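For clarity, chains are labelled A, B and C in written order, and residue numbers in each chain start from 1.
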């Protein structure tokens, strides 16, 4: 998702005018220790888990301290344009990194310098010239278990769309999240998973229109999606499995249905103008290595990019039928290239559709 | 007679304003509208953004919501300010505290707190449901009503404090004179108190309107799918579409609207001083 | 007044103005009875059993220093302060439970209290509109009231465009326009300078007399009170010290406080030698015996102080023969102050007390230099024996 942050604090940056976004342009960088690496992260519990399983061991291993910093695509771009980049490494959605790449704001990944990770272990589709996958997650069908008994929940997007058989408010990702659930609307309309792209925007929105009256709000941040489900503002939702799982772990009565999941990728990149690009590369290399991914993703419920770690993946993420992650057995890949080329068109169509 | 140098006292504030607001704003607008956009394309860009249906609807939504919020803060704030201006002691202090205390909490926290109250399974719906007054939950959240409630809550202090300042300045002897001369309390309010508080009503309304126009958080969190404000469109252009020129144009429009209202505000407060009120 | 009126462009002539003013005359004033009116704040009695009957058409002033309770008394009458004890009657009707707006009194404040958002016309029309009077009648009455205070030509001005004196005349017009039986005035001239104050006193007095209004007037200026009032109540620390016509109160105060408050007073301590009624003989501490004409009987030996106003004393060369039937004291001039219409002398008498004597500034009068021996003489009729100062 291009919306980098999943915490609402970034909204503080938007109050008033867009001018605030340009602030880093005129604030000079404070001098900092050579052993610090400033990484843009989503923050919150994500950082909390990663600090224990990745950052602290990395500090012991290399003497480099990870300093998590919140930021948005807009802010990163502003830093780049102002020539004042105060971040060394970006940990965000692969579509956001693609945007930065297309804006010329990233440096290529030097795979030759990798020492901790065996490159052949990493899913080749995630080793791109300007970004490397960090973990894999998905848009999944999430439901209130106190409304739909596990087993009697909608099993497909077509059923999710059936408001008679499965009544109640729903929530889906809207345009403010960066990528509304057009693909899922097409699946609900009968399109096959491998025929989703290129997305027929008109058809997708027409399909979306059939449940619009059951959607009190399209979510913009992962936090909102989870909150709406937890507060019963919605009884069915399209959520990131990571968010839904965190809510379930927190005691919310939610269930996950993996059929027809849309596979998403979190990735690392290094911005042009980074003060410590070598350390950044070392951090990326370290954090996708077999041992680190094993340790980290045992706690954070996402699918590793290191295929060696698949057997150690949480059982919740594995399809018992195949033994592989649900994303492999029941999912389809999100196409960030299509989104990058069509996002403006989608935004315009969405605006006309929603108003 | 030495030259008046008191303006030097404003230097730190001026410095902050330039450093944190004017310079970044100038940088952003210059970069997006003059460097990244060819000069010849700027008029077309403005035309493009301003004629887009999404922008026009958002502008209307923004204005409509802002006007509703202004009216709501006025209707709720006027009695509060009246109470404060005419009472002293711990009760008044408590009311001031209640009005001002939301200032000490972040807007996001306050807005989230309201979603808990207004939601389908929120406090109000639970109470109404339990009392049997309603069968199905009322839609209080994720619509214009929700936005207006949320923004009214956040902006109420501005209205109350502005009205309070004006009301406090109303000479109590005028009210005494009015009553002594035969005016009932209601007549006195209508013919003396209300007209004398009009400057406060105008300034308070303008302040709230100005602030409401740029509101982003509350409409984003509490609005429904169709409740898109100009600030939300700007955010989308910056963060989602990476279309900075469009964002710049919308920012200029919003800024212009704000400055015009501010000019009116300055003129009104100036008039107040002339009236000696 | 005539001169000022004529100098105003477009102003109607005085005669016509007076004629029109006659339209304001309504029912005559009503009597106001204060029966033991009392106000208590906490443990302090700020107005203590105020008792008087103000007659219809009477101009009655409350005079006293600040904190004496005069304004509180007025506020109780107006209805802005509750009455803690006693009764307030207008023509026999108790007003205690009547709110201010229904008491039907006119009221004028020290700071004018002109509504800043209304022009002069609307200000004066306010009491009429509040009573729902028809428009045509409102126009007529307002015009008449404005004529009475000679402000008709300013009827579309706002308060901020008027001088203090003009604002106060607007306030007066507004207080009388609805023909109230009683008009209350709270130091209405307090904010004006001296000359203007005198002009307005004349104007207020004339309007009151013409309309037959009952006026209850608060002031701390004794000259103003004496100039305007039929009767004055002197107040001190919540209590009424004396009530009477200005001249009576001035000439025959009942105690040292009212004696001093109304003007310069000589107060010489001593004791009564021969009691009244008729002529009382009073011996000063230095042995001198003086006389006072009094109707009351006072016991011999009673301590007191002899009161006489400075202007009652005549100053003679010490060599002049004494005249029968007058009080005499001799002394030395210590100070002579030129005050314009009079020269004020401080004369040190045998006991060392300073006696003040005012000599009119006329050539025929004896004007000794400081250090000169003089003889003071005055009539027992101008002399009052007062009780000693309360400790």
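Keep this in mind: a contact is a pair of C-beta atoms (placed from the backbone, for glycine too) under 8 Å apart; a residue touches a chain by one contact, two chains touch by 3 or more.
Since this is a predicted model, take the numbers as computed values, not measurements.
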Co-neighbours of chain C and chain B - touch as defined: none
Centre-most chain [mean C-alpha coordinates]: B
Geometric centre distance via CA averages, chain C-chain B, whole Å: 56
Chain A and chain C: spacing of chain centres that average the CA atoms, whole Å: 89
Rounded Å distance between chain A and chain B, as computed from the means of their C-alpha atoms: 35
Touch list for chain C against partner chain B, complex: 78-80, 99-107, 109, 111, 113, 115-117, 126-127, 129-131, 160, 171, 174-175, 178, 184
Sites on chain B touched by chain A in the complex: 19-21, 23-25, 27-28, 31, 52-54, 57, 106-108, 112, 115-116, 119-122, 139, 141-142, 214, 216-217, 220-221, 223-226, 228, 231-232, 234-236, 238-243, 247-248, 251, 254-255
Residues of chain A defined as touching chain B within the complex: 2-3, 8-9, 11-12, 14-23, 25-26, 72-74, 77-78, 81-82, 99, 103, 169, 174-176, 178, 212, 215-218, 220, 224, 227, 231-233, 343-344, 347-348, 351-352, 354-355
Chain B - residues contacting chain C, complex: 171, 173-174, 176-185, 187-188, 191-192, 195-196, 275-277
